[in-house]
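Reviewing the structure listed below.
Just so it is clear, A, B, C, D and E label the chains in written order, and each chain counts residues from 1 on its own.
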C-alpha cells in the first residue's frame, strides 16, 4: 500500500445530521496529477479538509505515504477555495506567509515569493494591500502562496475559478510545466472539465451529496502536454466521458 | 478645436487641484476646530456662570481663577506632577507587559483561561479604597504601592480586550495557517496578534486613560508628594481653584497619553491607514 | 423640660442633619445619647446623622449641605481665615484632646526633638506640618521631618510601624492602642508652647443659625443634655452609644474606658460647666497661628493681621443663654 | 463475516457514544474546577500563612475569620448591600443607555466624533476623588451623586469599545449594503451593530466589572449607607475582617454581573455559539 | 439619448498612479442583456462599482435612464464578486438582507427570499450559517439575495464562477428564463465565453488594463434561448469571435 502517496479508503463525513461524504475511495500515486470534479456541495472542499488534516473523517482512513493524514506531516500544501488573504499584510507578505508559517526567515520568504510575481502576473502589486487587488489577482496571490511552499502534495481547490480564459490557460500551462519539472503529487478540484482533462492523469468524478467517487477516468494523452493537446481527438473524447458521467448520474 | 479642448482640460485640472487643496485645508480645520470650539464654549459658559451668579470660589472657582492661580503656583504643581508621572509611567509599563503576558497565557491555555480569568475579574472588583491602607502597611509609602495601583487599574481593560481580540481571530484564517504547517506560536504571531490589534488599541485607549487617574488615586491612600496629595492638601485648605488646576494637569497628561495611542496605531497598523486614505479620496 | 407636647411626632418634626468627622466614637456620645433617649424627637427635631466620608464636615457645613457637624478648633480657624461660612457652637471637649504620639517601644524617641528625620502620618490638613515643626523646634529640634498624607489610615500606619509618629486623640486612639497591646507614648502640645484648644466642637454655619435660631437652640439643648448625661453616667452613656452603633463599636472595653476618661477630664471645664467656649482660647490660638504664619485667605495669601476670633464661635445658642 | 462486521460496527458505535459522554463530563469538570481549585489554593495558603505567622487580624485577617465575622454581621452587611446595589443598577443602566447613544452619535457625526471624543476622554481623566466633594455639594447625599459616579466610571469602556466596534465594520460589507439601497440608519442596524458586538461585549465586561466598585467608591465621598461607608467605618474601627467581608460581597456582586454578560452574549450572538460548537465537535 | 437605460461615456478611473479604466464607452438599451468579458484586472469590477454609484469615475459620465449613476436611484441591483454573506445571519436572513435593506419588513423579506430556495438548490439550508455552506452554495445565496430585489437593472459580477457545469447551466437557464419574463436590463461580468454568448444580446470585450471596450459582438441567436442553442453553428461562431478578440489583442 505504501506505493500510494494518497490512500483514501471508505471515508465518510457528516456534519450533524448532514451526510456529506459516504464511503469514498481515492488513491493517488506519487507524482500523479489527479483531478476531482463534482457538483456544488458534493463535499470536495470537505474532502480536502480531511486530507490536509484540518478535519477528521467520521469513518474510514486517509493515509499519506502510509501514514494517517495529519497537520504535522508537512507533506501537504493546501490552497483553500476562499483566498483568505490577510488584510494587514501586503500582497508580497501575503504570498510569503506560507513560507513564514513553516519557519523560513522573513527576508528569504519574501525573496522566494517575490520571484514568482512575474509568472503570476502580479508584478507591481507587491506593496499593495489585498483590497486593492481584483478578484482574479487575489486568487493568483493565494495560489502563489501555496505553490511557493514546494511541498510534495499539492491540494488545489478551484485555483483558477476567478480567472479569464486566457490568464487561466497561462496559469494551467505554468502548473503543468511545474508539475512536469518537480513531479509533485497534485489533487485539483475544478468545475472546468477542460481543465481537468488537460492537466490530470486521472479525473475522479464525484456524485451529488453524499459525495462518493462514481467514476475514474484515465486521460490517455501523452506527457508533457501543451496547448496543442486541446485539439486532440482523445482530449475531446475524455471531455465527453467526464461530462457524460456528470450528466448521466445527475439527470437520470 | 483641439486647442480649445486642451485649454478646457487645463482649466479643469487647475480647478481640480484647487479643489483638492481646499479640501485638505478644510479637513485639517474640521479635525482641530470642533473640540477646541466645544471646549471653549464649555469654559466660557462656566466663566459666565461663576461670575454672574457670584459663586463662592471654594464651591466652584471660575476658569480664569483656576488658570491664574494654577500659573501662580506652577512650581508647586510641577513638583507634584513629577512623582505622579513617574508612578504612571512605571505602573503602566508593568501593566502593559503583564497584560500581554497574561492575555497570551490565557490564549494558549484553556485551563489558565478557565482558572485565572475569574480571579482576574475578581482582582478588579476589589475596591482599592478598601485595600489602600493594607497596601501602605505592606509596601510603605514609596513608589511601589502606587505603581501597583496603576497596574491594577490599567491592567484589566488591556488584558480583557487583548483576550477578546485574540479570540476574534477568523476561524478560517487560523485553519489556513494550520494547513500551512504553522505551529501554535507561529499562528499566534502571524494571525492572532494582528487580528487582535484593533481590540488592543480600543483597550489601550481605555486603559491609558485610567493610568494617571490611578496614580492620583493611589496617592490618596498615602504619599509624600504627588498631584493626589496636592489636591487633598488644597481641598483641606479650601483652595478648590488649585484642586481644579491639579485636575487640569491630570487631564492634560491623560489626554497627551491618549493622543499618543493614535500615533502608535499609525505605526503598528499601516494597513488601516491605507484603507482610510482610500475611503477619503 | 421634656414634658412638651410630642403630638407633632416625626411627621411635623424639623429635619436637622449632622455630619460626623470620623466613625462614631465617644466624642459623639452626647448626640447619640440624646438620640437614643428620644430627646431630639421631643424637641421636634428629626436628626439625620451623616456618616464620615471623604468630604470634610467643614466643607459640608460651609456649603450648607449639613446643618451641623463635628469639627475642631484648628479646622475652623483655618476655614474662617479662608472665608468659609462656619462657626463653632458647642465645645465637646474642654481640654486639648490631641497629642503627638509615637509607639511606646520607641526608645530612640524621648522628646519631640527626636522626631527630626522621622515620618509623620497625617490627614492632609495644611496646618499639620507647621504645627509639628513648631512643636519640634520648641523641643529643641530642627523641625525637619517627612510628612505622608494617609487620611483615616494614619493610625494604622503608626501602629504597624510604617510611620514614626501621628496626632491621635488620647481618649480614643490612645486607648485603642493600649488595648490592642501597642501602647503609645504621648507628647502634650501644651508642653511645647501651644495654647489649649477645643479639639472637638460642634459647628454650624452663620447662614443656618441666622435662619433657624430656634431650632439651633433646641438642638443644642438636647445635645447638651446628652453630654451632661454622659458626663454623669459614663457607663450608661457608653451602652447607649454602643447600642446606636452596634456594627462599628464592637470593642466595649474601649468605649467604656474612653467614656470614663472623657467624663473625668474632658467634657467638663474646671468650673464644671459643659459645652462652653471662651473668647480667650479662640483668640489665643488664632494669634498663635497667625504669628506662625499658618493662616491664609481664600486666595492663599498670608493674612496680614491677626483675625478677630470672636466671630469664629458663638455661645448664643447654648441652653440658658 | 458480515455478522462479524456488524458486531464490530456496533461495538465501535458504543465506544464512540461512551467517549462522547465522557468528553461532555470532562468538559464540564474542566470548566468549573480550575477557578475553584485555584481559589481554594489561594485561600488555603492565606489561611495557613495568617495562622502560622500569627498575623495581627487588623493587618490581615484569616479567611476563616472573615467568613465567620461576615456571617455574624450578615444583617448589617445586607443592609449596606442594598443601597450599593441600587446605585450600581441605576448608574449602570444610565451608563449603558448613554454609551449607546453617545457611541451612535459619534459614529454618525464625524463632527461630533472630533468634537466630543476628546472631551469624553477628558471626562475620564478627572480623578473622581478630587471632585467627589463637589458632587456631594451639588447633588447631596442621595442616590444621584453615586449613580453619577457609577455612570462616569462605567461609561467610557463601553462607549469607547462600541465606537471601535462600529468602526471595525468591514468596508466591503458596508459597500454591499449601500449598493443594496440601505440608508445610513439601516446600514447601521444591519451591519455596524452586529459587527460591533464582539467589541461591545469586551467593553461590557470591563465596564460592568467597574460598576459595583464605582458605587462603593462614590459612597466614600459621603453617604448614609452602603458598602463603601460600611468599609470605611470598619476600617476606622480596625475591623479589617469586616472590611474584607464587605470586599468579598463587592467582588461577589461584580462577578455575578460579569457572568451575566456571558449569558447575554449567548442570547445576542447565537452565530458565535454555532461556531464554537463546530470547533469543539 | 434617453432611450438608453445605461449610457457610459468616456469613463476613466485611476487609483493613485494606476490607470484602470480609460475612455470606456458602453451603452445598454432597456431590457437588453449585456455581457462584459475581459482579462483579470482589466477593471470590470471597478466598472460595476462606478455604475452602482459606489465609486466615482475620474473622468467621463455614467447615466442611468439619463440620470447620473447614483446610489440612491434604487434602479440597480449589484451582486459583487465576493459573496459577502454576513457570518451573523442565517442563510435565509442573508438572502433576505437586500429586501430588508430597502425597507421591506423582515417577515415579508424572508418569505420572498425563501420562495427562491428551491430554484437555487439551497433548500434545507435556510437555518444554516454561511460557514456551513460550500463555495458554490455561498455564491448561489449571494445571487439569490440580488435577484430577489427585482430591480430594473441587474449587475452580476461572475455570478456562476464557483459552480460546476451542470449547476451552472441550470442557473444560467433559470436566469435566461427570468430575464425573458421580467425583461430586466442585465449586465453580466463573466470569464466564461459560452455563458456570455448563451445569455447576452451583446458581448462587450475589454482590453487589458487600462480597460476599454475593444469589441462589441452581437449574438444573432433568437429568443427565447435554451440548451439546444448551444449546438447551433451561429453559437459556435459567436464564441470563436469573442475568443479571437480576446486572444488577438492579448497575444499580438
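Everything that follows uses one rule, which is that a contact is a pair of C-beta atoms (placed from the backbone, for glycine too) under 8 Å apart; a residue touches a chain by one contact, two chains touch by 3 or more.
Bear in mind the structure is a predicted one, so any value in this text is a computation, not a measurement.
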Intersection of contact partners for subunit A and subunit D: B, E
Identity of the chain that, by mean CA position, is farthest from subunit A: C
Distance from subunit E to subunit B - Cα centre to Cα centre, in angstrom: 47
Separation of subunit B from subunit D, taking each centre as the mean of its C-alpha atoms, in whole Å: 21
Distance between the centres, which are taken as Cα means, of subunit C and subunit A, whole angstrom: 87
Residues within subunit E bordering two or more other chains: 82, 131-132
Overlap residues in subunit D, where contacts from two or more other chains coincide: 59, 129, 133, 137, 171-172, 220, 228, 232, 235, 275
Residues within subunit C bordering two or more other chains: 56, 59, 63, 152-153, 156, 160
Residues of subunit B defined as touching subunit D within the complex: 30-31, 33-35, 37-39, 42, 59-60, 110-112, 114-119, 121-122, 124-131, 133-134, 137, 156-157, 160-161, 164-165, 168, 171, 198-199, 201-203, 205-206, 209-210, 212-213, 216-217, 220, 228, 231, 235, 240, 243, 246-247, 250-251, 253-255, 258, 275, 279
Subunit E partner contacts - residues on subunit A that touch it in the complex: 15, 37-41, 43-46, 81-82, 121, 132-137, 140, 157-158, 161-168, 191-193, 243, 246-247, 250-251
Partner subunit D, residues of subunit E touching it in the complex: 49, 52-54, 71-72, 74, 76-78, 80, 82, 84, 86-89, 97-98, 100-103, 129, 131-132, 149
For the subunit B and subunit C complex, residues of the former touching the latter: 56-59, 69, 73, 132-133, 136-137, 140-141, 219-224, 229, 232-233, 235-239, 242
Subunit B - residues contacting subunit A, complex: 172-173, 175-182, 186-187, 190-191, 194, 197, 269, 271, 274-275, 278
